[in-house]
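Would you mind keeping the following structure in view while I ask a few things?
In this document, chain identifiers A, B, C, D, E, F, G and H correspond to the written order of the chains, with residue numbering beginning at 1 in each.
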Amino acid sequence: LRNGYPEVIYCAGKTTDQVAAIVKRMLELDYSNILATRANSDVARALQALTPNVEYSTTARIAVINRKPLPQPAGTIAVVTGGTSDMPVAEEAAITAEIMGNNVKRIYDVGVAGLHRLLSHLDEIMSANVVIAVAGMEGALASVVGGLVDKPVIAVPTSVGYGANFHGLAALLSMLNSCASGVAVVNIDNGFGAGYMASMINHM
Amino acid sequence: LRNGYPEVIYCAGKTTDQVAAIVKRMLELDYSNILATRANSDVARALQALTPNVEYSTTARIAVINRKPLPQPAGTIAVVTGGTSDMPVAEEAAITAEIMGNNVKRIYDVGVAGLHRLLSHLDEIMSANVVIAVAGMEGALASVVGGLVDKPVIAVPTSVGYGANFHGLAALLSMLNSCASGVAVVNIDNGFGAGYMASMINHM
Amino acid sequence: LRNGYPEVIYCAGKTTDQVAAIVKRMLELDYSNILATRANSDVARALQALTPNVEYSTTARIAVINRKPLPQPAGTIAVVTGGTSDMPVAEEAAITAEIMGNNVKRIYDVGVAGLHRLLSHLDEIMSANVVIAVAGMEGALASVVGGLVDKPVIAVPTSVGYGANFHGLAALLSMLNSCASGVAVVNIDNGFGAGYMASMINHM
Amino acid sequence: LRNGYPEVIYCAGKTTDQVAAIVKRMLELDYSNILATRANSDVARALQALTPNVEYSTTARIAVINRKPLPQPAGTIAVVTGGTSDMPVAEEAAITAEIMGNNVKRIYDVGVAGLHRLLSHLDEIMSANVVIAVAGMEGALASVVGGLVDKPVIAVPTSVGYGANFHGLAALLSMLNSCASGVAVVNIDNGFGAGYMASMINHM
Amino acid sequence: LRNGYPEVIYCAGKTTDQVAAIVKRMLELDYSNILATRANSDVARALQALTPNVEYSTTARIAVINRKPLPQPAGTIAVVTGGTSDMPVAEEAAITAEIMGNNVKRIYDVGVAGLHRLLSHLDEIMSANVVIAVAGMEGALASVVGGLVDKPVIAVPTSVGYGANFHGLAALLSMLNSCASGVAVVNIDNGFGAGYMASMINHM
Amino acid sequence: LRNGYPEVIYCAGKTTDQVAAIVKRMLELDYSNILATRANSDVARALQALTPNVEYSTTARIAVINRKPLPQPAGTIAVVTGGTSDMPVAEEAAITAEIMGNNVKRIYDVGVAGLHRLLSHLDEIMSANVVIAVAGMEGALASVVGGLVDKPVIAVPTSVGYGANFHGLAALLSMLNSCASGVAVVNIDNGFGAGYMASMINHM
Amino acid sequence: LRNGYPEVIYCAGKTTDQVAAIVKRMLELDYSNILATRANSDVARALQALTPNVEYSTTARIAVINRKPLPQPAGTIAVVTGGTSDMPVAEEAAITAEIMGNNVKRIYDVGVAGLHRLLSHLDEIMSANVVIAVAGMEGALASVVGGLVDKPVIAVPTSVGYGANFHGLAALLSMLNSCASGVAVVNIDNGFGAGYMASMINHM
Amino acid sequence: LRNGYPEVIYCAGKTTDQVAAIVKRMLELDYSNILATRANSDVARALQALTPNVEYSTTARIAVINRKPLPQPAGTIAVVTGGTSDMPVAEEAAITAEIMGNNVKRIYDVGVAGLHRLLSHLDEIMSANVVIAVAGMEGALASVVGGLVDKPVIAVPTSVGYGANFHGLAALLSMLNSCASGVAVVNIDNGFGAGYMASMINHM
């Protein structure tokens, strides 16, 4: 068991029974900080039947089992979103970062269509060690944040949108072509990956 | 001949001789404000051999023949670009708008990676009647400008960029998915179409 | 609160409770002309439980709350569709324009496969200040209308169609490549964006 | 040798020598009505060195060798284009149809952005037995023609255009989604295929 | 009412009530040969409540109302499919052609993976005036049939398949690139369009 | 040095000097059966300056250096192409297979538009141990061959074609969706890979 | 009935009744080794009502009817997967290969993110005659396995993943571009095709 | 001038004169560590005419002007490539990281088709603070490296490859879907962006 790294189960494409069996075995081995991502409420209930030590986030669809707080580095990770519909992805990132031992600041719904909202949180964002920028639609948030801050930005395109959004492709291409330096991108809706990467960086 | 509308020849895919022949006929009919778009320097020279009244922009690849200034409405059109590489498209838009009788303000190289530059021109942009936002790469400029101003924004994606830009697709999708209201989009690199549309709006 | 601009809530991806909470707060602040777009009948009922001042369009999936008529400019906005299946998008555009203080003329089901129908409404269309052209399938309507009228045309591709339509892509590309000048495009199915842009132009 | 069908050599991707060798053999076998499509001027010259009976169209890039007029059915084939840049494809179709024994009417540059031009040729188009509609950009011509005439329409998308045209994809999708009945589509720029199909139909 | 042409209602995207209302009006006007395509069984029942003269095909999802046989030309139309899953599209084509007054031969499940099956029906196929080739997966049937017969082939790609089929795209591209001459293509799953086009040709 | 496997240098994206240096080193180590693929004539000349033992195929763009015939298994590999333009890819496959110690039968230009040609070579094809089917345009050859033979078919889509071929995409998708069993696919234009795979199978 | 080849019914897109009817007829003809792929549990039950000789795999969605073991060649086929979610496709491949008379080794969940797991099974994989590599997400498994083994690798991309995976496209492209030699690819999720091809090779 | 950050000029799409003018101004302001990326040899010569302090890398197409070494953190950055053709992108990354004050280790041509080569450099790679993984074709390197190391991996897809590689799309999608955690991606061929991001992380 690598130090500081959670045990992660990606539940999509696994049956509730399969997930429960995996967690049961981990509990027998006395694992802590187990993370079940993309877990629906059925899975959550099955896990709660195994142990009382389950915290489930309906928004993030993450269950945290046997949380054991880890020492946190001084720096913080800011999770910034364009809109409220990006929250499931943002929370997946935030909870992943928290369980890996990070202090996380959530700054939601500050998309570029209302720049003043973003600018009013600038101090908070700029004081972070790493920024996770979560946005759907045109994903411009990553470029604007990347242009403002001097720290690594992990951009997460989300599938929020419709029509020529093509399920997140618009935001993905937008973020990959960011004219700001210091921006790297993870898969569409991959909050877990962003939180993991940000934690790695914050612990350096 | 519609009042205030230029005669336009789209030169791409026409031979120099074909373009010259069309202009010759127009000159015989005493047309003014003829616009030859996507004209290379060969075409320009051929037209200059026909008449001294040719103004050619190497950047915009536009030749204006027999310019006859038209009365201008009070309002102005702002042409804003993300970078200097967007200038050919921006100039195509600006010259088109000018020949259709508009006062044009050029505000170039104010992309969102350096937001202060854009904000320092905010008054100028906000005082315009219509804004043409020209940007390649991730095209975030259109959303930021659209969020700041209260006037119609015509967004022009450009093919500036590489890789996952896919020849302007990234900026196009980005602009179509803009989270700001009051943004409509024309084809990739279509400066002419943006200038024309903006003029129509400015003359209302 | 900007003068003449509605407060807009995009309901897709929000729970009924979230939408109701947002509207409740707005009502407490005495907002008028609140627009809830992409609202299903559940949302509509929840809003009607908050206040009697809710008008809900099943077709457009829009709820208008606390309508307060605004002064209208002389010019009208024509909303033209290719078929009857485009009506949800067209109504979203029309109702948006109306709530922003515009006189709207609806001219539906005049697609180019039966050109006589379109031509028989030509006077009505040409007398408008701005035209919103809504079409799915091949989206040719925008080009034909753009070629006939001398006013700005806002083209809205719809996802009506099947097969090589690719959920509106065919109409979108078609409209972006329109050989008519004076046509700008919004996202697939984005009736709201088209109505908003048209209103901006009509108020100039 | 099938009666009434030309021998066709598709020159793209063959060397001049290869094409000349193929034609030489055909000449030895006394073939008539040989068609070399996508032939550049080098190929044309090489063929003219073999026999004086070569007619070469620079526009269509077709060489016709040993033309032997065939009896023509009463009906005509109309070839209609949106713009002048579609002429190479249109001529490929027209010459193919002619060599297969058809009376061809050319009606060029009548795109839908200027509907009056198209309508002023309506009688001519409607009196044809088959219509070949050739158009690039948004390809709306096929739908408008398909809606007006009562005869089979063969639609040929061309690669004329730029940006979101994606080398003819916009016109192709547009034509495949035509809301008019009686329209079938061939490959982008495939004038030969359209002429061949139209001739087959005209000879029924 | 054009002679020999059915009245067609495309039911997808219309409510059962809307379809019933349209048909009711047509019945009052004494229309015959009404075709309701993409009609589910609800629609069929609603129509049967209006009149006993409804024939409904579950496979083709077509309802024919007030069938009135038309004189048929001597020639036949062959409808050929690659597999049994292509039958809904094939039947849409066949029934459309029949109601327009054509003698239709159905030759199903003769895909190219078992060439002998196709070749054993060759006489039947070659004796037809027009061939409709319906195929999903890789759509090779259209090329093989087009190479064998000397008559116009209308190719209909279907969405049958999975994975890199991309909902019919594979068959569509395959058919558009057919190396056989005399093949033209309609939209994915567009049996109606193929039947209509084939009838037009068969009546020439 | 694995027994029976050639040393392969993929020359695309390497300078002539780089390739020559690599081969020089191999010659010093006394390697035989060196294969330089995607080698232009400059590269060929540079290699011929190093050693007389270079056989260069202009068509296949392959240079074979220090050929040392290997023992051949009893079975043969048939390389079948749709057209003559597929020959560069087919020859790359054939020469690769030959240098790996295989007896190769070339059966070119037997595309499905003229099925008799293919069928007249059926014995030859069916007697092979492995078949490599090379085709551009719609790539139907792979399905027809796969349906006829009882042996593994390696399908190679080529970039031969234009328009909706999209540089080989049409043939690639077609081959991946083949309704015949026993067909596997390599990259567009990857003759080398097909020859290598076929040799592996033939040596089992 | 070809010796050693199963009779296969692809159930997707067929009704339960259609599948049952086909199998009934086969049973009357005394067929053995019938394979019903993509069969849901309804289909399985319907088949079990016809005969007791049905083995149904819920994971692979395959029903085997009248299994009659065939003689097996000495060589084995290894089926390797990246993750547990790839199991349905892997089992489809494995069961297909088994029914065709092969000894199959299953090596599941050895994806490249934990290379040690893959390497710990290396002996087993290298001793196989053919390897089937089944992977979703980025499909890197095929390249790594292809680089390690000296035997033909059949790569099967799966649709496991989300976002920029685009339903298996990422793994498909990855496998087609494999930098390892000796890798050929079948359609996304096409376990049956891979098992069939591998068996063909293993029987050579 | 931000401390430790280079001044960067992206030369693609700028004329040699434009680049020279920009650098001239910077030299007058006494800037150091100026980076001109995507600079061809013409640009390099023009800069060398301005100042002797120009180092130009033909491979990376980068000119470094007025290099002024910066203090370096203890940690190193490893730049790993799949093949030698990825070197231009890798060198762009390496030189960018070096000028920003980092100790860079180059580990080239260790693609996954020959896993032993990669594994033989494992110590070197694992001792780095950040890894930049540069690969074209199927881009599997990023996943394999990401699975082996415990540090942030910046993945750079390159456009090396052909056919279904689609100019780097295959590697891009592959890297975005990496099954290894701790991998983030930059644009195709964006060595600069990767070097910049890695430096940011290494300086934390």
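By our rule, a residue touches a chain if its C-beta (ideal position, glycine included) is under 8 Å from a C-beta of that chain, and two chains touch if they have at least 3 such contacts.
These figures come from a predicted structure and were not determined experimentally.
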Neighbouring chains common to subunit F and subunit G, by label: E, H
Chain of greatest Cα-centre distance to subunit B: G
Relative orientation of copies subunit F and subunit H, as a Cα rotation angle in degrees, nearest 5: 90
B-H against C-D, pair bridged by the larger set of C-beta contacts: C-D
Classification of the subunit B:subunit D interface as same or different, half of numbers criterion: different
Which listed pair, B-D, D-E or F-H, duplicates the contacts of F-G in over half of its pairs: D-E
Far-end chain from subunit H, centres as C-alpha averages: E
Distance from subunit E to subunit C - Cα centre to Cα centre, in angstrom: 35
Approximate Å spacing (C-alpha centroids) for the pair subunit B, subunit E: 47
Touching two or more other chains - residue numbers and ranges from subunit F: 163-165, 169, 172, 176-177, 181, 187-188
All touching chain pairs, where touch follows the definition stated at the start: A-B, A-C, A-G, A-H, B-C, B-D, B-H, C-D, C-E, D-E, D-F, E-F, E-G, F-G, F-H, G-H
Of all residues in subunit B, those that touch subunit A in their complex: 82-83, 111-115, 137-140, 143-144, 146-148, 161, 163-166, 169-171, 173-181
Contact set on subunit F toward subunit H in their complex: 12-14, 18, 157, 159, 167-169, 172, 187-190
Interface residues, subunit G side, partner subunit A - complex: 84-85, 160, 162-165
Touching residues (chain side subunit E, partner subunit D) in the complex: 2, 8, 75, 129, 150-152, 154, 172, 176-177, 181-188, 192-194, 196-197, 200-202, 204
